[in-house]
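Next up: some structures, all given as structure tokens.
After this come two complexes, each holding subunit A, first together with subunit B and then together with subunit C.
Let's turn to the complex of A and B:
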């Protein structure tokens, strides 16, 4: 009787998940499989006929300087993004959580950028960099302030800044939820033991936040490696390829005037593998630390 | 009762017929500048008056070339679209059967024969109606030139530098550049490089074909680089962070006396400042006679081979309409580019130096007519790098690396 009920529940659960499974399989697994297939063809995206070429596209990419340059820029961007996101959002979360008055209002102010479309944010900042910054410099009588988007060294940081300005809200909310799940007794005990604010953060808050840090790191890493919209709207990969993130390269190769859909798909598959490996490594590291594993 | 019912049905059918929705036909046009957008809108308004049964819906998007390519790849081709028939990417679209052949259409006889020849495909047939010509030029503010006491436009490189020095002495900034976008840097580079060294495209083609590296024929490329850098010494500050629209605005509002850009920007500049006393002259090389004017077919209209019969018919009607001299004249007047249609005039005396130069026949086409756009895009990035760090050796090496990177 009990087994019968259990089986009925299992069937119900399966049926509930079935629509999501079907949609996921069609829009994700099928697309990935198709992308992998096209990466092994010579289809440029326009021709009506194409041939199977095996792994030759992979061979071409592995000797292509432009591809490696894009990968390197993307890694630098993603690493900086993870570092800045984790540090700033943890600090923001701790600060926002300790506020006693106007808590909801202040939190919503910090969350506001997340409500705007990323391209709109990029275009707003583009105008600030192009028009407001030089005007401000001129008003202050400073001649040296120019748009960072026109500088090979600073363009990537300018794009990163805009990206962070908008994307910090979500990790901060996740961290706030993480902090609020820490039992108050631990803080009370640490106060009795004479722990300073920093020691409370180091020995109570941080260990409990490790799973949250892990999730935010994976999400931010993926967002950094696949970043496209900010750089596309702000610099289009320039100046002189200094912000040519892999996402822009894939887009340009796929949909440029002379498209190379096969190459773009090969780049996407490589990017997919990189993200998968990094996520596995990150999960494996974080599962060995934190408050439950210490 | 039956009669009343029949009468009601008949009335309903009559009403439905009288309020029939016009056939909507999308026209995807690739120019983001304000001038051409307004020009098309005006012509379409006239077209609707004459053909109320056809509703041409204009669609202009940013990054139009990429969007068009994406739509073609997903078999969502706009029934009517503008494209660039001299470019290699267009020839590929024709080869893959995406564009309707226009051969034999009577309205083609209204087009300037030179432009029709230029727009012909590899198979010798015409697939696009050339509507306007473009040219790269140095646009200049006539009032600022007069204020500086400059009475004639420069015809050689040395004269141009003299003009720049004179303007600087009078406290006028000679050039407005907008180098934030590599594409705009590239257009300026194309004009200056072909004026400086008419064999530049041959040299790039030979590098693309693997016959000779740019480093092996570096001298003319060095000279072009030096000239690019020299002109930027006379520019408004922060040109690398300046977008094209800001460059045109700066020039239109008199912050700089000159601006190297294409005829595509003329309408937009005039919209920014309708009172601007605007002139144009060719980008000069060492000698007037030896420096070609960069010019080509600009706006050209095509019909999708996969459009429905009704859409094709509507498209052909629209092409016939826009190629009538009076409509082409209206389009040209608003856009600011010379028309390809016979019996139109482009009589603005202030751009006479361009017309005179074109008449000499010393002209050249854009790189894209012989070099894949992927290669030219990579080259533009290298030139942008040159403007940033001024390193000519790195630029020479970079050109070869860019060609190699694009050859994948």
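Let's turn to the complex of A and C:
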């Protein structure tokens, strides 16, 4: 009797996991395998027949200037994004956590950008760059400023600004959670020891936030390297390819006017490898530092 | 002591300046969107910053009269609601099975297998999936829904397995002794204990499905009648390139459902996300 019940339970547990196993294997693992496979063919994405060409697409990309420029733009973008995100959202979290009046209202204001669609955010800022900057300039009596999106030295930073405007909310919430998990006694004893507010931040808050900083770094790094929506809606890679992030390049290569589906897949495999390596490095660094291990 | 107070005043005023600046930066674009949506194109081009001379609802009327707009709203609602329902039914249950059988090899494997998704950028899956879905004749809302369910697995299972681990197992064991089956135990007991995490999941995933741009762009951009709202917003730029008061009106109306959800669940959003973050 007891055995029969145990078996029945085992079977139901297994059946419960089955749809997840099937869906995940089919759409995730099979697709990734398919992506690897396409990266070793000469398929443009449209023709009926194609051949297996081994690693020659990888060889081609290693000597391709446009690809390397995309990679370097993407790294610059992701590095700046991580830097700005960590600094600004730590400051915001510490500030938001310490206020007493209108706390909920002010927190909600800062969370608000996370509610809007990225496309709407991008197009609203696009209009502000086009319409508001010139009138702001003329009101201040300075030289006319045109939209930074049309200028190849500034476009990437303008895209990053719009991206940050929306994406800071979530890391800030995670940092607030991190700060709230710091034991109060530590602050109390630091006050007794005569620590100033800055010293409290430097010697109590910050060390305790190291694990949270590494979570946010991984999440932001991945978001930065795969960033797509803002550049797609704002500049589509222009002007003069100055915002051709790797995500945009993959999309353009796969579905553009002259499709190179095999090359696009090769690029995404390389992107996958970059992310895997960076995540592993980051994980091994963060498991060696921080209060939890010290 | 006086130094202390002076330091406090200094940091507090720095903090308040920072917060004020941030709030202006967040609210300023939104105020411009609201004021300009009440203007005619002519009025808006004369002055982008001025308050509208009258409350002109023509943009709103025109938007609501266009049949396509409702089709896009309907598509977005359908995709978001069906995906969310499936995910809420499905992910906690799978996580329950994994969390309570971690000692078995299959479930440990399944957990790690699903966590691999954390390292996989969307691009590498999306390209082959577009070809796969087109072969299966699934470049439509149903295909999109299936993908949302699958792509929600990694984060959802991660949050729930850890959460269920932290729950006491004794009640379930008692139910088991009383003869409850796995599903009975789940639907009578576990489901009530995981409510906080369910609301976190709903908020994060509803925001994602409703606002997502990349997946619909890859899957649905070619067939107009299947567009979701973000695709409509994206294509708006090219179609009505100069009528930005109209575009702003469209953004505002798309924002309304989210705003309603936000007002009702604001407590859950920040507290829930906080709870989720601590667990992770």
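General observations
Keep in mind that, in the parts below, the second predicted complex is superposed on the first by the 269 of 294 C-alpha atoms of A that agree within 3 Å, B and C clash if a C-alpha of one lies under 4 Å from a C-alpha of the other, contacts with A are read in each partner's own complex, and residues count from 1 in each chain.
To be clear about the criterion, contacts are C-beta pairs under 8 Å (C-beta built on N, C-alpha and C of every residue); 3 or more make two chains touch, one makes a residue touch a chain.
Every value quoted in this text rests on a predicted model; they were computed, and no experiment measured them.
Legend: residue contacts after superposition of the two complexes on their common chain; A:285 is shown touching neither subunit B nor subunit C.
Subunit A is touched at more residues by one of its partners, and among subunit B and subunit C that partner is C.
Once the two complexes are overlaid on the shared chain, A:256 sits against subunit B while remaining clear of subunit C. Legend: residue contacts after superposition of the two complexes on their common chain; A:45 is shown touching both subunit B and subunit C. Looking at the shared chain after the overlay, A:142 reaches neither subunit B nor subunit C.
In the superposition on chain A, A:131 contacts both subunit B and subunit C. In the superposition on chain A, A:62 makes contact with neither subunit B nor subunit C. When the two complexes are overlaid on their common chain A, residue A:114 makes contact with subunit C while staying clear of subunit B. Of the two partner chains placed around the shared chain by superposition, neither subunit B nor subunit C is touched by A:83. Common to the subunit B-facing and subunit C-facing surfaces of subunit A are residues 45, 126, 131, 251, 254, 261. Partner subunit A is touched in their complex by these residues of subunit C: 4, 7-8, 11, 15, 18-19, 22-23, 25-27, 29-30, 32-33, 47-49, 90, 93-94, 96-98, 100-101, 106-107, 110, 113-114, 116-125, 127-132, 146-147, 149-151, 153, 157, 176, 179, 181-183, 207, 210-214, 217-218, 229-230, 233-234, 236-237, 244, 247-248, 251, 254-255, 258-259, 262, 266, 269-270, 273-275, 277-278, 280. Subunit A contributes residues 5, 8-9, 12-14, 16-17, 19-21, 23-24, 26-32, 34-35, 38, 45, 91-92, 94-96, 98-99, 104, 106-120, 123-128, 131-132, 135, 165, 170, 173-174, 176-178, 180-181, 196-198, 215, 222, 225-226, 228-229, 232-233, 246-247, 250-251, 254, 261, 264-265, 267-269, 271-272, 275-276, 279 to its touches with subunit C in the complex.
Residues 45-48, 60-61, 64-67, 126, 129-131, 134, 143, 146-152, 235-241, 251-252, 254-261, 263 of subunit A are the ones that touch subunit B when the two sit in their complex. Per the touch definition, subunit B reaches subunit A in the complex via residues 65-67, 69-70, 72-73, 87-89, 92-93, 96-98, 179-182, 237-243, 246, 368, 372-374, 377-378, 381-382, 384-385, 388-389, 401-402, 404-406, 408.
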